[in-house]
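Just below sit the structures, each encoded as C-alpha cells.
In what comes next, chain A is part of two complexes: it sits with chain B in the first one and with chain C in the second one.
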Partner chain A sequence: MIVCVAVVGHENNPLYLQSFTEADDALKLHHIVHSSLDVIDERVNNPKKSGSTLNETFLGLLYPTENYKVYGYLTNTKVKLIMVMTDLDVKDADVRSFFRRFHAAYVDAVSNPFHVPGKTTTSKSFGQRVGSMVKSFGPGATA
Partner chain B sequence: MGREVAETCMEGMILEMVSAYSTRFYATKPDLAARRIEAIGYQVGLQLSERYTTERPRFGDHLEAIKFICKDFWSELFNKQIDNLRTNHRGTFVLQDNRFRWLTRIPINSLPNKMDASQHDPSAPTPDNKAAQDTSMHLYFPCGIIRGALSSLGIPCAVSADISNLPACSFVVRIKA
Partner chain C sequence: MAPLAPKTGDPLFANVERVNAELFTLTYGAIVRQLLADLEEVEEVNKQLDLMGYNIGVRLIDEFLAKSNVSRCVDFKETADIIAKVGFKMFLGVTATVTNWNAEGTTCSLVLEDNPLVDFVELPDTCQGLHYCNILSGVLRGALEMRRGGEALLYRRIRGGVPRTGGSGHGQWRPRPSLHPRPCLWPTPLPAVLAAEAGGRRMRRRTGVNED
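Up next, the complex of A and B:
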C-alpha cells in the first residue's frame, strides 16, 4: 500500500505532498520524503555507483527503512517524484508504471494556464487523480 | 488523449496576441510589449517541455538538450526540424529554420506600402524600420518558448532572433555560464 506521494521542484521546493494513512504519522512520512532528497542528489551526482540507472527517469528503490520502501523518479525538468510504500515485495514494473501515470497527471496539472510555475499544485482534479491511482495500486492492478 | 485544434486557429491567435500587445495594450511602449509577449512564451515553453520530455531519458549535457529542441520539440511545434544548428562550443548555439512557420503568414512586402500613405510625421520611423520592428515583434513569442523550454531543462539562457534573410529565421541561444 502506498502511504505517501510527493512532488518536489528543482530547487527542492515542495510542490505537492500527500499522505494516505489513517494514523497521525504525516510528519514522519514527510520526514522520510525530505531525507530521500539527499539520496536522489547522490544518485544523480555520482552516476558511477548506480550504473545502469544512469539518465533513466526512474531511479528505483532509493532506500528501505524498517517499515517503508521509498521509490524515486526524476524528470527531465528536474522535478522529483517520490513515493513511500509499505508493501515489501513489489515488482519494479508496477512501480514504474505507477510513476509513469503519476508523471502524466503532474504534467496535466502544470499545463493549466492558471498554474504558476514553481508554486504548489492546488488542483483538485490532480489530487483526485493521484488518490485514485494510489488506491488502485497493487500487483496486477497496473491496467 | 489531448484535444486537437486547427493550426490556422492557433496561428491566428498568436498573430492577434502579438498585435493586441503591441498596438493596443502597450502601443507606446514597444519594449514593455516585447517583454510581456516573451514572458507568455516562457511559460508556454516551460509547460511544453514538461510534456514533451516525459518518455525520454534525462539529458547528459547541454548539446543533447539543444538537439532535443531542434528535433523533437520543433517537430511537435512546427512538424519540421530545425534546418541548421551551429555552435561555437562556448555556450552559443544558432538554430536556423529556413522557413519559419509563424512568419510565413506575415505580409512582409505589403507592410511598407501601407505605411507610406499615413506617413506625415518626419520623426516617425521609416517604413522599412517599422516593418522590421513589426516582424521582430512576432519573434519574441518563439524566443520565449525556447528560453522557457531550456530553462526548465536546467539550462538558463538568453535567446534572440535574427531575421536578416526572410523567411529564414535564426534563433541565437546564449547559455549563461
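Up next, the complex of A and C:
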C-alpha cells in the first residue's frame, strides 16, 4: 500500500508531495522522504560496479525503515520520484511500472504552459491521476 | 475536368507538410503565457489573440481555397460543414462536428473533441476569464470576412478550472448595410451566428444580441 509519493527537483527542492493515509503522521512521511534524498545522492555519486547500468533511472529500494519501504527513481534531468509504501510483498516489476506511469503523468503536468518550473506543481489533474494510480497499485497491476 | 471537391479533409491532410504536435502545443502555450506576462490583463490577451488569429485567417483563406478546391457553398450550413470537416482537418489535423443548430439555421456549434492547442493545459485560478483558444475564433473571423464581405464578431468562451480546458465560442455575423459586389461564398447574405466549442461541451444559448 502506497502511503506517500513525492517529486523532488534536481536541487532537492520539493515539487510535489502527497500522502495517502490519514492515520500516519504526514510530517513523519515528509521526514522519511527527506532523509531518503541523502541515500539517493549517495547512490548517484558512488555508482556500484555491479549496479544496473541498463536502467539507471530506477534506483530500487532505497532503505527500509520501521514499517516502510522507500523506492526511488531518477530521471535524466535529475528529478527524483520517491515512493513510500508499507511493508508488503511487492514485485519489482510492479514498482517499475508504477514509476513509469508516474513519470509520464509528471511530464504531462510539466508541459502545462502555466506551470513554472521549479515551483510546486499545482495541477489538480496531476493530483487526480496520481491518486488513481496509487489506488490501482497492487499485486498484478501493470502499466 | 476539374477534380471533385473533397468531402473530408483526410486526403488533404495527408498531403500537407506536418509539424510535431507537441512542438505546436508548447509553442502556442508559450505565446499565451508571454502575452499574459506582457499585457497582464486577461481581456487584453483575449483581444490580442483574436487579432493574431484574424491576421492568420486573412492569409490562410487563400491557401485553403487553393489547396482544397471547394466549390461555392450555397448556404451557411454547407460552409459550417466544410469548415468543420475540411478546414480544421487540413490545418489542425482534427475534425470538428457541427451541432446545435438553432431553428433559423443561423447558429451552430463546432465541437472540437480533441483540440491539439489545449493538450496538457490547465488554466490557473488567476486566469479564469481567459479565452485560451481565441486565436481560432480570430482565424475563422478573418477567413470568413475575406469571403463574405460582412462584419464578423466572433468570440470564444473558455472553460477553465476543470482538468481539461475547453474552448467554446459564440459569434455574431452581420452583413454590412451596403454590400460591395464581390464574390461571396453564398448568393444571399445571411446573418449568421457562428459558435465553436472545444472539449465536447455544449454552450448555453445566448439570449440577447451581442453588442458591438
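Everything that follows uses one rule, which is that the second predicted complex is superposed on the first by the 135 of 143 C-alpha atoms of A that agree within 3 Å, B and C clash if a C-alpha of one lies under 4 Å from a C-alpha of the other, contacts with A are read in each partner's own complex, and residues count from 1 in each chain.
The criterion applied here is as follows: a contact is a pair of C-beta atoms (placed from the backbone, for glycine too) under 8 Å apart; a residue touches a chain by one contact, two chains touch by 3 or more.
A quick note: this is a predicted structure, and the numbers were derived from the prediction, not measured.
**Q** Which holds for A:10: it touches chain B only (first), chain C only (second), both, or neither?
**A** Touch partner of A:10: chain B, not chain C.
**Q** What is the contact status of A:122 with respect to chain B (first) and chain C (second): first, second, both, or neither?
**A** Second partner only.
**Q** Quick check for you: in the superposed arrangement, does A:103 touch first (chain B), second (chain C), both or neither?
**A** first
**Q** Once the two complexes are aligned on chain A, which partner has more residues of chain A within touching range, chain B or chain C?
**A** B
**Q** Quick check for you: in the superposed arrangement, does A:114 touch first (chain B), second (chain C), both or neither?
**A** second
**Q** Return the residues of chain A at which the contacts from chain B and from chain C coincide.
**A** In chain A, residues 111, 113 are touched by chain B and also by chain C.
**Q** Could you please specify the touching residues of chain A with respect to chain C in the complex?
**A** Where chain A meets chain C, its residues are 108-109, 111-114, 122-125, 128.
**Q** Inside the complex, what are the residues of chain B that reach chain A?
**A** Chain B reaches chain A through residues 43, 46-47, 49-51, 53-54, 56-60, 152-154.
**Q** Under the stated contact criterion, what part of chain A meets chain B in this complex?
**A** Against chain B, chain A makes touches at 10, 55-57, 74-79, 100, 103-104, 107, 110-111, 113, 117.
**Q** For the complex, which residues does chain C have touching chain A?
**A** 22, 25-26, 28-30, 32-33, 119-124, 127, 163-164
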